[in-house]
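Structure first, commentary second.
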Amino acid sequence: MRDEQLITLAHGAGGKASSALIQSVFVSAFGPHQDKSLQDAAVIDVQQHFGAGSRIAMTTDSYVVSPLFFPGGDIGTLAVCGTVNDLAVCGARPLCLSAAFILEEGLPIRELQRVVASMADTARRANVSIVTGDTKVVAKGQVDKVFITTTGLGVVPPGVQVRSDQAEAGDAVLVNGPIGDHGAAIMLARGDLGLSADVRSDCAALNPMIGDILSAVPACRVMRDATRGGVGAVLSEIAQASNVAIALDENALPVRLETQGICELLGLDPLFFANEGLVVVLVPQAQAEAVLSVMKNHPEGQSARQIGQVVEQGQPLLYINTSFGTKRMIELPYGIQLPRIC
Amino acid sequence: MRDEQLITLAHGAGGKASSALIQSVFVSAFGPHQDKSLQDAAVIDVQQHFGAGSRIAMTTDSYVVSPLFFPGGDIGTLAVCGTVNDLAVCGARPLCLSAAFILEEGLPIRELQRVVASMADTARRANVSIVTGDTKVVAKGQVDKVFITTTGLGVVPPGVQVRSDQAEAGDAVLVNGPIGDHGAAIMLARGDLGLSADVRSDCAALNPMIGDILSAVPACRVMRDATRGGVGAVLSEIAQASNVAIALDENALPVRLETQGICELLGLDPLFFANEGLVVVLVPQAQAEAVLSVMKNHPEGQSARQIGQVVEQGQPLLYINTSFGTKRMIELPYGIQLPRIC
Amino acid sequence: MFNRQAFRAPPAVKTLVDKIVPLARRVAEARQRPVQVMEVCGGHTHAIFHSGIDQLIGPDVEWVHGPGCPVCVLPAQAVDEAIALAQQPGAILATFGDVLRVPGRHGTLAQASAQGANVQVVYSPMDALTLAQQQPDKRVVFFAIGFDTTMPGIAFTIQAARQQGLTNIQFLCYHIRLIPTLIRLLEQDSVCIDGFIGPGHVSIVLGADAYQPIARRFGRPLVISGFEPVDLLNALLMLLQQLDEGRCEIENAYARVVNNAGNLAAKAAMAAVFDSTVCHWRGVGEVPESVNGLTPDYRAFDARSSLPRLHQGTDQEPAYCAEVLTGNRKPHQCPHFGHACQPETPMGPLMVSSEGACAAYHKYNVGKCKEPCHEG
Amino acid sequence: MFNRQAFRAPPAVKTLVDKIVPLARRVAEARQRPVQVMEVCGGHTHAIFHSGIDQLIGPDVEWVHGPGCPVCVLPAQAVDEAIALAQQPGAILATFGDVLRVPGRHGTLAQASAQGANVQVVYSPMDALTLAQQQPDKRVVFFAIGFDTTMPGIAFTIQAARQQGLTNIQFLCYHIRLIPTLIRLLEQDSVCIDGFIGPGHVSIVLGADAYQPIARRFGRPLVISGFEPVDLLNALLMLLQQLDEGRCEIENAYARVVNNAGNLAAKAAMAAVFDSTVCHWRGVGEVPESVNGLTPDYRAFDARSSLPRLHQGTDQEPAYCAEVLTGNRKPHQCPHFGHACQPETPMGPLMVSSEGACAAYHKYNVGKCKEPCHEG
Amino acid sequence: MCLGVPALITAILDEERGLASAQTDGVVRTVSTAMLAMKDIPQEQLVGRWVLVHVGFAMALIDEQEALRSLTLLSDMEDEDV
Amino acid sequence: MCLGVPALITAILDEERGLASAQTDGVVRTVSTAMLAMKDIPQEQLVGRWVLVHVGFAMALIDEQEALRSLTLLSDMEDEDV
């Protein structure tokens, strides 16, 4: 294609340019499975994965991150990790993904290829196939470069039940690593606040680690990936859904120095920063060590630790026990966190 | 929410505003199933739908239509029909959908509610549940009002095999209704060409009709919904995939007067106009009548007819037998069809 | 009540074909080669392929596809200028859809749009006036192309812009005129054309009399035709009859819209607004009486006044294009056809618009039909 | 090497608390009611709740949360003006993130942005200069708010804009000054405050001496404090010691950054650029020496020159707000608290910013903790 | 070369500016009749007449008699063949 | 009231315009030192000094001796208690 390194509306029109783009960018990156997408749907033989009592888990998320590329990953990495993690925290073994792309006219095809390569690579490492997809092109200015929607399918083995409403008094609250790095990395990568620091998104596919946790400790009661809204939002939802009080230990919260620094400078709280490779696990205290030691066997779990405990049943509360022996209530913010001067 | 009839970034931030929007707009419209989406993924018990030899079909599409509302439907109707139809044409019985929304800051919530109501209504009629979802809000100007990505899951019963590469010489080529109405309706609804006509999108969920066709005539070889790129693109793909020559009968092509008029005025070809409720079926000629009579039992199949035949094997060709006894080759256009003066 | 369908009726087509085929045989035999008929207008080229008239008539008539497509002949310079204007801050470049994929030296308007230029497709030049009225903070440039059929509408629109006192619209005009183009073609030595099917809609404006030089100076008969199969076959029959009888006249087989004098209102509007010049066109070369400027009265509406100075240069195109245009080669006999030269990556003017001869051959897969190829 | 963490060390906190609790007891007993301590600054309010100092000290000290949040006191008029400026074509309204959710009479800047206004959050006013430099075809308006701490940075930025000859940036200033605000508060009869924790960062600019009228004219002791738990407890200890000993002085417990004279460069920049006036603030009423205009030298940078005439009017707010502000009522004792008045739908100034007393109570769920409520 | 379609004038929209509503196969568009004005036909008499439309301009009235005549000639030709 | 954070000046970026690089917990930002200039300290001597930053301006040098002194007083207090 002469002089055609940019996405044009023709690439989305269902004609020859569309086929050429699908073949040259997607099929070549996502491999043989993807050619099923040239049909209207992919047909997947799930019997082999499927015992009596198995269920299917389905999740979907749109990825609209800006900038597309940031320290620690890109929108493609996110689109695979986010969806794979949503399956994993429901106790599902991720099976396959669909990927729908909305592209802005004028997008350099090279950037698209970079994103697609990240997806293919991340999917390979997470051991899932991208089996079907879609590509739309909209006029310049009607979308911000690339949005990706991935939908994941997974198989939940018989007996596995992890839900948000099962937390009980005495459960330990665990995380696999430092909190808020993704939110911090994106905030800096946007460049509009003039701050710089060595912060990388924690973006990672957690399904291998979570699979191991569930095999080792089937008693895990709640697992959530703490994405948008952060650990604070996830714990607040768990407290609500399970009707329990959760107490965090201020000293135990793992926050990287730089992420903490960003929060100090802008008056923000890392508890509400997004993560993309962070799982919150609630498990009876007796099994907490077992879960932590499985986490530590995985690269994403090197800084795993207990950050709190479910202390009471009967009233949804979330608070922090401070270093001074006081309690600080945690309330979900209303909307986006904005940098403050006061 | 005082003075809050517009979508704001807060609605996408994962905090209180997000939960409020999900509850008030989505859960209320999509019903009890949808509350599973408040988990990371929906878990679906498919055993009941699932015999030995069954397979799962998965399809995804992003809907970016502009304007959001047009005669015959809206983006919500499309988002359900398009995905349900993609499943149906693969021989799958649609089971459930996910729906991911990307919203523009400033979108009137009323418009979102209208779209969501259409989706719920269409899903109910198509007998599928919307079981999980996602909502992202991006800054004004980074998306054109609303984009929706739906992903569909269906069960393909044992033995059903409809694929694009199975066309054989002697197959009849059938459609269930007039071609090009969706494309024509959208082109007019945009309003920038100054044309008006009574054309409505053919937008419809075809799974009831297609299910009946497959029950009555399991010998159907190829089924495709002729969306973007139109009947022309779909037949051209089938000819390629099956390596056959397909001959259409110029006189048999059902095109509404108004759609034909738009094509005459703008120098375009209705064969390449999008449809959203049109299926192309290839079936051995002996069974053609059986399929047509099933089609005619459904509201979407009132104008069903045979439009051509597979005439030869061994070389991918698509042409029209004209009223004058000549042949006109049909070639896929390169990109979008643009109004012409010459 | 006028019924267009009657001009598409298969029995009528059959009657005409049955008349034409033996006549064509006789005329071809007399020349010991196929009759070379040029349909000047790209619209005719498409109509011929669309209905398969070429297949019906057979090898005794060889169609030479003319230069009558304003998109195909548009010079790269024009596209470069349109892109430069589209890229100016606050500009809207409005034009006809055909133009978006024509390559300039630095890409197409479609590509410029993909890179952020505001390019809008309109159905009518009057719609560009509406754009200018509705968006007073924008500067609209209408990129005007077309032969004599389109020119009066442009001229009328420019007059309306002045009447309405609009100050935020200008026009970039690249108009080529038919008669000088035909003359330019017939002046070439290598031309191998026995007679012309004359363009129907241009003739509404020009009138049938305007073609007299073709018959008188160059000795080629011409029959003006409409665009339905019956129209075309009727015109072909009349042309073959002339050739058979040794006549050389201008005849009008499209009298339901074409008269002898043409449309005087249209001609007056053109004369008031357009300034004639010589312009270099793709595949055709220099054609006098072209238009890319406005008369002093309307110069405020000439977009060239806002144009940054661009590098001027002649377009490079393969030599084969001129051979196709003069009837010395068929599109599929060009070594680039379907390989380097395709509708998405045109090398020459005839592949640019879907009206171009090479594009039409490509679209209708004429090469693939394995018809015998007759050298002219 | 300066180590902020040392000022957060739990043993140090414990030492101070152990000193304070019996002292607070004694002072409260002497008055037969809890000691009423106003921390003027919203930052202090948050720091107290964040570390739970209120819980550590117990009911003998009752915290009266002061008006020291420039966002909370911002009049609706200011927001309306900012929105009007943001909605002008080609405008970028830059401001601090805090301001986006403050309600004017017709919604917030966040809502205006959702409706298409170009509102950009910056970390520093200097970043607004950069915006103006990078986008010369846009007109940047910086919506400047803040007490004496923020004002010098704004003044300096306006000076820099003039030095750099920028013509596409203006400033909409709504500055409230601390000392006149405190005096305004203390002039009210109903005030029930025994002493003040003085704001740390404002004092960098003002200097400790600036507070002398508080002690001399109104007979209230004041101790300037930093923002770490140790800083706050240290200041509280010093304040209680004054009260215990019957002293009434201005003391400085934040001497690592605050001196007696203040920052002279900062004061000079303010004096050069800002024009003093009386302005009506939410919850506080009219405060002299406020700033919402620029001196003649800098008037070209005053965004009010570009402002459409807006309806002027005083903001309506519940009477409870003033009672909270004067120490006569706790936030959770307001009947609107947590019901009609919430952070997402604030009825009064104290719920607007997360620095506001009511917002802080709401965020830290103080109402839900079922602490005994002491009437002042 | 120049896409032209027959259209039926169904209404005069603006006598002064010469704007009419024209219909082709049920598709309606505003067209300019300015190019026809010289033909001494009062605007309102255009209603019910067929015109040939190009880029939004009615370029010519369609002479229905003439159209009929050519079709008649043709059917004579057919008859000859029988 | 006014969010201020201690930051370490790590480099002078523009002597004339008074721009320096300041670091807090590994986060770097350009700050203006214009407000400190009156204090008779040559710009380069700022490197290695701690300042209190508000909205991108260094508002004051942090007196580290003074900080130490108050901490010492405190530890004396602790010792008293023992």
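In this document, chain identifiers A, B, C, D, E and F correspond to the written order of the chains, with residue numbering beginning at 1 in each.
The definition used in the following text is that a residue touches a chain if its C-beta (ideal position, glycine included) is under 8 Å from a C-beta of that chain, and two chains touch if they have at least 3 such contacts.
Just so you know, these numbers come straight off a predicted model, no measurement behind them.
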Legend entry - Chains in simultaneous contact with subunit A and subunit E: B, C
Inset, instruction - Report back the single chain whose CA centre is most distant from the CA centre of subunit E. - result: F
Inset, instruction - Please decide if copies subunit A and subunit B contact each other with the same set of residue positions, more than half shared, or with different positions, and reply same or different. - result: same
Legend entry - Approximate Å spacing (C-alpha centroids) for the pair subunit B, subunit D: 57
Legend entry - Distance from the mean Cα position of subunit F to that of subunit C, given in whole angstrom: 75
Inset, instruction - Calculate how many whole Å lie between the centre of subunit B and the centre of subunit C, each centre taken as the average of the chain's C-alpha atoms. - result: 38
Inset, instruction - List, in ascending order, every residue of subunit B touching at least 2 other chains. - result: 8-10, 16-17, 141, 194-195, 265, 334-335, 340-342
Inset, instruction - Among the residues of subunit F, pick out those that touch two or more other chains and give their numbers. - result: 1-3, 29, 54-56
Legend entry - Residue numbers of subunit C (touch at least two other chains): 42-43, 69-70, 96, 110, 123-124, 127, 146, 150, 344, 355
Inset, instruction - By the touch definition up top, name every chain pair that qualifies. - result: A-B, A-C, A-D, A-F, B-C, B-D, B-E, C-E, D-F
Inset, instruction - Provide the residue numbers of subunit B that touch subunit E in the complex, in ascending order. - result: 194-198, 257-258, 260-262, 264-265, 267, 340-342
Legend entry - Contacting residues of subunit E [partner subunit B, same complex]: 1-3, 5, 24-30, 53-56
Inset, instruction - Over in the complex, which subunit E residues touch subunit C? Could you list them? - result: 1-4, 6, 8, 17, 29, 32, 34-39, 50, 52, 54-57, 59-64, 66-67, 70-71, 74-75, 77-78, 81
Legend entry - Residues of subunit B defined as touching subunit D within the complex: 1-4, 6-10, 16-17, 105-106, 139-141
Inset, instruction - Report the residues of subunit A in contact with subunit B in the complex, numbered from low to high. - result: 8-18, 38-47, 50, 52-62, 64, 66, 85-87, 89-90, 92, 96, 98-102, 131-134, 136, 138, 141-144, 147, 149, 151-154, 156, 163-164, 224-225, 227-230, 233, 237, 241, 272, 274, 332-337
